[in-house]
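Across the two complexes that follow, subunit A remains constant while its partner is subunit B and subsequently subunit C.
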Partner chain A sequence: MIRRKVIEVYNISKKFRKSPKLEPSVILGRGHWIVALINAIKEKNYEYVTVLNKVSLTAHENEILGIVGPNGAGKTTLFKILSGMLFPDEGYGNILGLDLVKDFQEIKRVVNIIGTCEWLTFYEDLSVKENLEFIQKIYTFSGIKPIRDVDSVLEILNLKERISEKVRKLSSGMRQKLALAKCLIIYTPVILLDEPFRGLDILSVKELKEIIKNTLSKEDNETILISSHKLSYIEDLCERILIMNKGRIISSISVEKIKEFSKKFMVVELEVYGIYSEILNKLKKIFGQSIVYVFSFKYPYTRIVFRVLLARKEYSISELLDKLSKYNIRYLYIEVEDPVLEDYFTYLIKTGIGEEEYEDYRESFSLSEN
Partner chain B sequence: MRIIERVLVFLKIDFQNWIYTLSSLVTICIEVLIDNIIFLLILLSYKNVLSMYIENYTNYVLIGLLVYDILMTIEKALYSALQRGYWNCIFDAILFAPNSFLPYVISHLIENLLLSTIRAIILVLSFFLLFGLTLKFKVIDLVLAFLVTILSIIAMVGLGLIEASTFILTNSKRGSPLSHLLDFVIKILSGAYIPLQLIPAYIRLVSYFLPHTYIIELYRYIFLGTSINVNLFLQVLTVQSLTLIILGYMLFKLALRRARENASLLLWI
Partner chain C sequence: MIKIIRTSLLLIRIDFLIQRKYKLELITSILSKMSIYIIFLLLAIFTDYYTGMKFFYSKFILTGIVVDSILSSALYTPSLVFIQEYKTGRLDLKMILPLSIKELIYALTLKGMLWSVVENSIFIVCWFYFLIYTLEKNVVLSLHFIIVTILALYSCLELGFLCLGITLSLEIRGFNPMVLLIRTFFVIVSGIYFPLEILPTYLRVFSLISPYYYLANIIRGIKMNVSHLMIMIITAILYAIIGSFSLNTGIKNMIRKGLWQRWL
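On to the complex of A and B.
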């Protein structure tokens, strides 16, 4: 079944001006603030940072599309542009036929965004109910009718017993859940969830995922774009995942592609005591040509965790242990496992293979444009 | 009617959030106390000199302080609305929907004018209790009063727009402790406490550039009948008001465009 395209974005770029540094003397001294103001108007003395670099993407009706990337990849900026909060410098795009720049106010009627720290927008000294009623009124001002009342929203979020509690007394998990209320109160065809699982425990993540999948996607039939810096949070939620790095989409992957990746590679993770360079050399000798990359992080007191991605070859644990003892590597634990999305992501970034895939990805867009 | 409804919603939520109002009331009491101390110090130090210039110094200062306070409330309304809206994430909460932030700014202005009225009442009461104030006001010219009020609003809105533009254009989002000092200096230089004649001539030059000076003097003329060149003061105030409103409008328009391009009114989204 061919589904309707809801979001179409082609080659959008965004640069941000670095903020000017204002010394106290600039604010109130010798008229320097006048110079600062004139410079600001003339756009002089500014440096620019490219946050989005020719990003193209499409999302279909009722699709859950994941966007994954490290901090600073440009995910939030992309969401701001898609929600009509920010204009792109270059490129064009539309959401349900509404232009991202010309119809930015209308776009706010069809797109709902939950920001990274959405709970900070609540009035902390007001109760849960008062806050939600305020949100309802904000929507009503714009002529958007709520589809659920406060009680049923709180029932879905499992927060009904907290209805009269002040927001400041809620735990961070509960506040994060409450942030989702904005999406449940009204219906918009598109929802953008920016890092919704940030700082949550496993149970809360699971609970939020249920709401996203069952209520927002299945019941309300909404198209959802969900960003995260951790693949494991969204891999079981999305049909398709875009990987972003340094302002570009470096790859678009489906769950099938990940399975294919798992067939080709395997991961050995071990925690050891010792000197980093020495152990790395020993690992290179043990695994030889089959090493694709070694990812490591260090703890104090020379404890190091190595995560080694290898071309798939059937290593038995006993065989591995023999080799490690032969090279005198003292490990705290060792695990042999299938690679997860996280490994795929690191693989793309570390090996630079993403660059080629990015070109293929862009080519597919230029074909569809034609 | 719709805008009134929206303004009321913002007013209601702000008063529900009573901690902000309570902290404002505490600040008001401290400010009134400082006003009283300064008034007392000037009175004790320059009693003889002041009597040469002014018939009733208590009424003279009271008019100066009340007018100055209302002028500053109007001038600061937009900047403080932007600052509060930004740091308290109120813009993050209201701009995700196709809303204008005008109702929020109006509600903020009304709230500040209400607080300003409370401040005026406390100030009058304190002058009455501490210095035996006897009110001797009469409106000399109603038409002039109306004209000065209109010009004052235009001048202060113009200054407020310029100040608010710096919030976005020069990224001065945290404000500056020095700005409070600057406000105090303006309060002295605009003649709220002492007659302009008592300010040294070279410093007085600054006073002549401040619209506050003309507005305060004109209101003193209207309520107390002090002797000033009304026509000259009105002409200068008109030129200042028009210049400030045009400049303020242009700068704020530019600032809003920048804010829309860079989403600089949003903190978290």
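On to the complex of A and C.
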């Protein structure tokens, strides 16, 4: 079945100016406006940081699309552009036919964004109910009728006991849940969830995932874009996942591709005591050519965790243990497992293979444009 | 329009809910707003007392204060309300709502204007007193009175949007000096606190483009020509065009650079 394209974005770039060279408070006391005037005249001399570099993506009707990448990859900026809160410097795109630049005022009616600084977007001195009623009313004024009432939404989110509590008294996890209430109250064809699982415990993550998958996607038929810096949060939620790094989408992967990846590779994780370089050399000798990359965390007191991605080969645990004892590696634990999405992500970034995939990905867009 | 009015009323309700514990804040803001005007008025009463002029200066200054307080509120409100929202971090909240930014600015301005009605309540009562006083004397003049007040308020609001546009274009994150400049200029060339005759001729010409001048004249019972009314309408249209252009440019600059974000 061919699904309608809801979001189409082509070669979008965004640069941000570095902070002003003249600090108002230092040089001119309260003369902000003089500094502003000087800065406006000297605009050419500013240094810029590229936050998004020719990003292209499409999202289809009722799709859950994941966007993952490390901090500073440009996920939040991309979401702000998609919600009409920022203009791109280059490129073009549309959401349900509404241009990102020309129709930026109307886009807010079809897109619902839950931002990373969601705690800012509530009236802290109002209760949970008052806040949700405010959102409900303001959408009603714009002709968007609520699909659920406040009470039933709070019941879905298990927040009914906190109905009259002020938002400032809620924990960060509860605020995150409350942020999702905005999407449950009203229907918008597109929902952008920017780091929805940040600061949540495993149970809350599971609970929110259920709501996103069953209520927002299946019941309400909404197109959902989720960003996260942790792949494990969204790998079982999304049909397709885009990997972002340094302002670019370096790869677009489907669940099938991850399965294919896990067929090709395997992971050995071990925690050891010793000198990093020595152990690394020993591991290279043990695994030889089959090592793809070694990822490590260093802890104090020479404690190191190695996560080794290997070309798949049938290693038995006893065989491995023999080899480790042969090279005199003292380990705390050892685990042989299938690679997860996180490994794929690190693999792309570390090996630079993502760069080639990115070119293929871009070519596919130029073809679809024609 | 209905959407803007409903939104601004909802925002006022939210303000009331937030400030349910801080009712004193409103009283202090009213008192601080009035204090400078009351000092002006007391000075005028003393001058009257010592010069033996029976309420001459007091009436003159009171009319000036009424004009200044009402029109300056309209001039200040757009920039003031917007910067206040930005500083408290509530602009982020409102940016993601399904309102266009223009609608949001208009709703916030309307909310600010309704608050300033409360703050300037005493001067608005004075304005009503002058209106009734004119109505008793001359019905046509009182009709002029209302038309001139509406036109002057509209002109000042559009000038306020012009200032807000400049605030957004130049990325001023504190107090906007443009508002102060425009207000001082109008106060000087309109003769609201002193007679216009003491100004040099080249400055007196500017009084024609000042909404303060017309409102002060009508409150003081000076009849207006049709030509004066026409100039007022033309300047109001001109201010509307400049204000709208400046606001649009400012909004586009704000969205292009992401200035509304506190965390950027």
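Things to note:
Note that in this section the second predicted complex is superposed on the first by the 352 of 370 C-alpha atoms of A that agree within 3 Å, B and C clash if a C-alpha of one lies under 4 Å from a C-alpha of the other, contacts with A are read in each partner's own complex, and residues count from 1 in each chain.
Note that in this section a contact is a pair of C-beta atoms (placed from the backbone, for glycine too) under 8 Å apart; a residue touches a chain by one contact, two chains touch by 3 or more.
This is a predicted model, so every value here is computed, not measured.
In this superposed model built on subunit A, subunit B and subunit C take up the same space, so to speak, and clash. By the touch criterion defined above, A:87 reaches both subunit B and subunit C.
When the shared chain is aligned, no partner comes close enough to touch A:311: not subunit B, not subunit C.
When the shared chain is aligned, no partner comes close enough to touch A:332: not subunit B, not subunit C. In the superposition on chain A, A:130 contacts both subunit B and subunit C.
Residue contacts after overlaying the shared chain place A:17 against subunit B and subunit C alike.
When the shared chain is aligned, subunit B and subunit C each come close enough to touch A:138.
For subunit C, the stretch among 135-143, 189-197 or 225-233 that collides with subunit B in the superposed model is 189-197.
Shared contact residues of subunit A with subunit B and subunit C: 16-17, 24, 33, 36-37, 40, 80, 83, 85-87, 105-106, 108-109, 113, 115, 117, 120-123, 125-126, 130, 134-135, 137-139, 141-142, 144.
For subunit A in complex with subunit C, the residues that touch the partner chain are 16-17, 24, 30, 32-33, 36-37, 39-40, 80, 83-87, 104-106, 108-109, 113, 115, 117, 120-123, 125-126, 130, 134-135, 137-139, 141-142, 144.
Here subunit B touches subunit A in the complex through residues 2, 6, 9, 13, 16-19, 89-90, 92-99, 166, 169-172, 176, 178-179, 181-182, 251, 254, 260-263, 266-269, going by the rule given at the top. Contact residues of subunit C toward subunit A in the complex are 3, 6-7, 10, 14, 17-18, 89-90, 92-93, 95-102, 169-178, 252, 255-258, 260, 262-264. Residues 16-17, 19-20, 22, 24, 27-28, 33, 36-37, 40-41, 80, 83, 85-87, 105-106, 108-109, 112-113, 115-118, 120-123, 125-126, 130, 134-135, 137-139, 141-142, 144, 182, 194 of subunit A are the ones that touch subunit B when the two sit in their complex.
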